[in-house]
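Below, chain A partners chain B and then partners chain C, in two separate complexes.
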Partner chain A sequence: MPSTADRPHADAGAPLLQLDHISKQFGGVKALDDVRFDIRRGEVLCLAGENGCGKSTLIKIISGVHRPEPGAVMLFNGRSVEGLDPAAARALGIQVIWQDLALFPEMTVAENIAFESNLGARPRLVDYGAMKAAAVRILGRLGVKLDLQAPLRTLPIAQRQIVAVARALVAEATLVFMDEPTASLSQAETDALLAIVRRLSDEGIAVVFVSHRLAEVLDVCSRVTVLRDGRLVGTFPTEGMTQTRLTQLMTGKTFDYAVQTRDLSDAPVVLSVENLSRAPDYADVSFTIRRGEIVGLTGRLGSGRTELALSLFGMAPAAAGTVTLEGKPVRFASNREAIRAGVAYVSEDRLQLGLVQPQSISDNTAITVLDSLLGPGYLISARRQDALVDDWVRDLGVKIGHPDHAVSTLSGGNQQRIVLAKWLATHPKLLILDSPTVGVDVGARAGIFAIVHKLAEAGMAILLISDEIPEVYFNADRILHMRDGRIVGAYVPGETDIDAIEGAVHA
Partner chain B sequence: MSTETLRRAEGRRFAPRIGGDVAGLLALLAAVVVLLGVAAPGFLSLSTFTSVAFQLPELGLLSLAMLMPIISGGFNLAITFTANLSGLAMAFVLQSQGGVDAGLGAIAAGVLAALATGAFVGWLMGTIIAYTGAHPILVSLSTMIFVRGLGEFLTRGGDISGVPGYVQAVGQGTVGGIPAPLLVFAAAVLLWAVVLSRSRLGFATRMIGSNIEATRFSGVPTRRSLTLIYMLSGLMCGIAGIVMLARFNSVRVGHGESYLLITVLACFLGRVDPFGGFGRVLPVAIALVILQVIASGLNQLGASQHLSTALWGGFLLLIMVVRSVWASRFLQVMFGKR
Partner chain C sequence: MPRLGIGSTEGWLLLVILAMGGGLGLFAPSFLTLPNLFDLLNASAVNIIFGVGLLVVLIAGGIDISFAVAASVVQYLTAMALAPLGGGDWAVGLLLAGGFGALLGCLNAFFIHQFRIVSIVVTIATFNLFFGLLMFWSGGVSIYDLPDWWTTRVVIFGTETAGGHAELTLPVLVMVACVAATWLLLRRTSTGRQLYAMGDNPEGARRVGISIGAMHYLAFGWLGLMAGIAGLMQSHYAQEVVPNALYGRELDVLAAVVLGGARLGGGRGTILGVFLGIILVAVTQNGLNLLGISPYAFKMIIGAIILVAITLSSQGVGRLIGSWRTPAARGAA
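And then the complex of A and B:
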């Protein structure tokens, strides 16, 4: 791991961008309150904080989308840039890569990278030759090879991320904001992206990194600016900073990270999987989960872990092998049968599969248990539905405005609680959690796992799938390691060192 | 995005209650009535009410048939010809039992034949859409061509007329001064309102319309639901077919063909989300009344048949413009800019 301090530019020169007394009010809500921010040429800086802390507002002010309240000082290269608008910000080389990337799925890689450079050209024709040349040049600078003619939608998310970075560079960026760039990347893909970030830094481009993954924040950034509730907590060098300390700064709370394994070898087996195979996804998978046990399943994206989970959930039938649930062999023809038998599956893709985003919080909670809500005439009883939703919202501490609001209006952490609620309402015996903290705040993660541990205490068998080793290490009783569709390792946290597991998984 | 999602959330309430959308549409209806009342002397009369009441149910029943597929994120382009075929089935049963002299038993058999025909066509469509994943527009368009062709073959392009008096009463009679077809329509509206807002199928329809995969992952039987949605749509076509047969004392393939796109318009004017997932029955019913009132009013203005169609279209364009401008202003005031 290269030390961040000895990289060139990291400490060199005057600030590229300097902000002071930045406040922003929306209606009665103070989104930002007297915040100071600065970044130097070529510096990689992290902007950290929980959802709603004001990160996005700050980025929008710097990129000219929002105007700060009067009294703000904004200096770019020492020159005042008050009254910045989006066009002016772009002219200064300020580029934002939002989490959704804002690319064009039907256009080719080359078009996505270079289309902006073609805008306003005379004659008003698309110069494909020049576009391709520009794309080749930029990708060369990044040291990446991509098929320029491939439509963007055929690319995996990691490569789309690179396309978005390349597009920012075409526009002669001096300061690039990256919003949660690694949220949906595997560890290897994250490493590749971080290498690109370092390359940008070496070229003198300043990068502001927004991420929930604290390990990579500490790895790639030289300083971290922490916001909480719209106020500046402070800007700290990452040298000597720990994840625990950073979490504390972001949330204002202390969380204990400690291995908490329990010996449950006497508890009855809930799930037993024997020699389960499904080509080409996984083969010869065997393991058990006991009552009250949390089994962690880790491995890179594409290791077959999600496919295995879908098989257990009745949505991708296994070709061979047996699954036994509470002593009875089961073979589900659909997920309905699996749910009825007591299996619940929290999908890794909360946006597309976990929740029906535009629909209400209430309906999303009730969707799994409609049959139990029927009143007279086989009609859904509004009273029962309201009672069910109220109970779960209270039990899981979900922060909502009104149950009739769309579930998409909730933060990631609260959405995930609704997902948990809808599955817990089915009273599952086996709960499969597939990457349950993707896009969830640090503070909210702790809350989710507090719920999970309570469920385990109450006797639920839990399969926790994650590619973040610390997540399984500090939450599971046992860890299984999956690679290329096979289980290649089994560890007990505490007995095996976390670094050894990291090494084995990401080797 | 947040104002959009808020608007959508506001648009759906579990218990049917008077929301902003209904109030807005009622205000629009009042404005239309006043405007036409001033422009056309004699518009505010019993005869206008009667003409609206007799003409509304056909379009209304077909619109209800269109509503569920649209909320589920689909379409049913076969509604008018399915209604024709259903009417035809009933007419055949009646003809075989003595035509105008057919007895009550034959009428009951005819009604069942019409409902069964409509439901079967819908079931066929729904099954194909649910199990092959083919797009509803393509499936229902193919079905429309098939059903029309079948009907034309069976009638040799002509019409079949002559139904018993009891049947004609359903289309032309009154009960306590209220036109019978209007009562049929009111009952259908009530039934649909209950199905959509209170039944598991209605719940599934909205969920499927927003995101069918997430709905399937939650354990909702999406295929069975889709099949049922189109089957109910076909059933409603069957009811429309019976009413049309009763009103005109005859059935002809192609009757009511021009209603097809107007049913879509009625749904959208009634605040149904064109992309699926959201929509309620009551606003659609009010939108239908508005459309029919405008049509009747233009007739009374004495505009020529052809010009009145153009005027009707122009009026609708105006409503759409006013509505979207009003809606965006309203949302800005309500939620501020984001």
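And then the complex of A and C:
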């Protein structure tokens, strides 16, 4: 891990943005309370905190979307910039790269990068040549090659991320906010993006990095500003900071990360997979999961792990091999059969596939078990549905306003709990969790894993898929490593060192 | 078909048009003659003007059902307004028709933007409003005593061929102007690119600072302008103003435009695609006529095209099919 303290701009830069006494009230809620924030030229600073801590409000104030309450001090390059609006913020070179990127999928890469030149109310003639030249110049600065004429939708997510960075740079950025830039990237892609972040820093551009992945935060940033419940906890140098300490600062609680393997070799086998193959996704995969066991499956994006999970869930039939569930060979023709047989799958893509966002919390929870809610006359019994939803909301500790509110109103961690509730309602024997904590903050992650461990204690067999090694290391009883569609390693946490597993997976 | 420098939809349309034209030429020799082809163009000019206008709205992520009956309203309004002006001429006529059309389009934009109602709902309502008002107020009576300049055929190019006299008329010239203006707007102006951006990713467009309201007024206003001009051209071609003459035309045009590759839901579509889509629909209709097949078969084909286009355009369906097969395609920006 390269030290960030010895990089030239970490301390040498002049102050770029200084904020003090920043407060913001929405209705009766204090989103920010007397926060102080500063960043130097060329500095990479992390803004850390759990969901709802005020990070996005602070970003919106700095980018001019929100105005702070009176009494705030905002200095940019030493000059006061009170009453900042989005256009003025852009003129100062303050750029935000949102988590969903806000790019245009049908347009070419070049036009996405140079879209700034299309802005403004006054119509002008478009100069595609100049756009292309600008895109070439910026990508050259980033040291990246992309097909400029390709429509953006044909690019993988990692390259779209680069396009978003390039677009911020076209606008002569001085300060770039990156909101969860690595949430959907593999490790190699993350490394490439972090290299770009360092390059920006070397050019004197300040970068504020928002990420739930604490390891990369500590790796790339020189200081970290921690917010909790709208208040500033403090700004700390990352030198000497540990993940445990940072987590404690963010949540105000202590979590002990300890290996929690149990010896379950006597427990009956729930799932047995033998020589399962499906070209070109995976080949010759064999493993078992016992009652109460948590098996971690890790590997890079594209290693075939999600496809394997979909096969076990009946959505992508295997071409060869056998799957045995509680001693009976099964061959699911659809996921309906899999659900009936006791398999539940919590998908990786919670926002798109896991939940019906505009529908209510109640309807989302009950959707998997509507049949069991039928009352007299084959109509859904509202009473039974309410009882079911109340039970799960209480059991999983979901923080909700009212069951009739739309699921989209919940935070990431609470949405994930609703997804869990919806599948647990089917009383599965085998629970497949595909990257269950993507976009979920540290405190909520611990909550979700507490639930997972409780389920395992109760006898559920769990397949935990994740490309974050610590997540499987500290939660699973055994770890399988998948690469290019094959299982290439099996480890027991504690017996094998975490660094050795990281090395093997990211090699 | 990258070798032609055009999109694949357009390439396929061109192939299908050529194949159908060739087939019809063998079957009905009169089809592949210059007089017939020029007539096809004269008759399609109105739909192409409607089509490029509708394209602007589709690209911006909206839809409009009301533009064809709005064009009928414009025909009446223009005829009424010309009387006190002493009859006017082409310049006044185009100005009035375009202006009335743009106003009606902006009325749609007003409801869509001010009250955040989806465009299909607003324009189904205004479709009924416009048509009901027109029939109620005109009593269903046609206007025949139009000014001379309005109804006199204007030939802009004529030539004698072995197959007879072939000529291109004024609507074709106006169509060329409308196509050129729309092309310039969409491809060559920053405003046009903002329209594409809004249809492509509305939230993204808002974030980069595009004025969503202005875009709505521009898109629906532009369609209104085109519809007004198309209405004037249709009544010029028909030499009369009939209140229900354009009723139902909106679906023919919509089918042709989505056939040309414009996506329901925004962000995608080309002028060439509109042109080829409308020509293909016209050739189909012409061919069915020549082959003596019932005109209801044509309605059936129009309906089927819209159904298929909606199915293919549905993002939900596309994501469900595409997402777990190709993980890389997920997570649209």
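Details
The rule is short, and it goes like this: the second predicted complex is superposed on the first by the 500 of 507 C-alpha atoms of A that agree within 3 Å, B and C clash if a C-alpha of one lies under 4 Å from a C-alpha of the other, contacts with A are read in each partner's own complex, and residues count from 1 in each chain.
Following the convention adopted for this analysis, a contact is a pair of C-beta atoms (placed from the backbone, for glycine too) under 8 Å apart; a residue touches a chain by one contact, two chains touch by 3 or more.
Just so you know, these numbers come straight off a predicted model, no measurement behind them.
Chain B and chain C, once both complexes are superposed via chain A, clash. When the two complexes are overlaid on their common chain A, residue A:106 makes contact with chain C while staying clear of chain B.
Of the two partner chains placed around the shared chain by superposition, chain B is the only one that A:339 touches, whereas chain C remains out of contact. Clashing C-alpha atoms between chain C and chain B turn up only in stretch 127-135, chosen from 55-63, 127-135, 181-189 or 325-333, once the structures are aligned on chain A. Shared contact residues on chain A (touching chain B in one structure, chain C in the other): 315, 352-353. Looking at the complex, you find that chain C touches chain A at residues 187-194, 196-197, 200-201, 203-205, 207-211, 214, 267-268, 319, 323-325, 327-333.
The residues of chain B lying in touch with chain A in their complex are 1-2, 5-6, 8-10, 12-15, 194, 198-200, 203, 206-207, 210-211, 213-221, 277-278, 336. For chain A in complex with chain B, the residues that touch the partner chain are 26-27, 315, 335-336, 339, 345, 347, 352-360, 362-363, 366-368, 370-371, 374, 378-380, 382, 385-386, 404-406, 408-409, 422, 426. Chain A makes touch with chain C in their complex at residues 86-87, 90, 98, 100-107, 111, 115-121, 123-126, 152-153, 156-157, 160, 164, 184, 301-302, 306, 310, 315-316, 349, 352-353.
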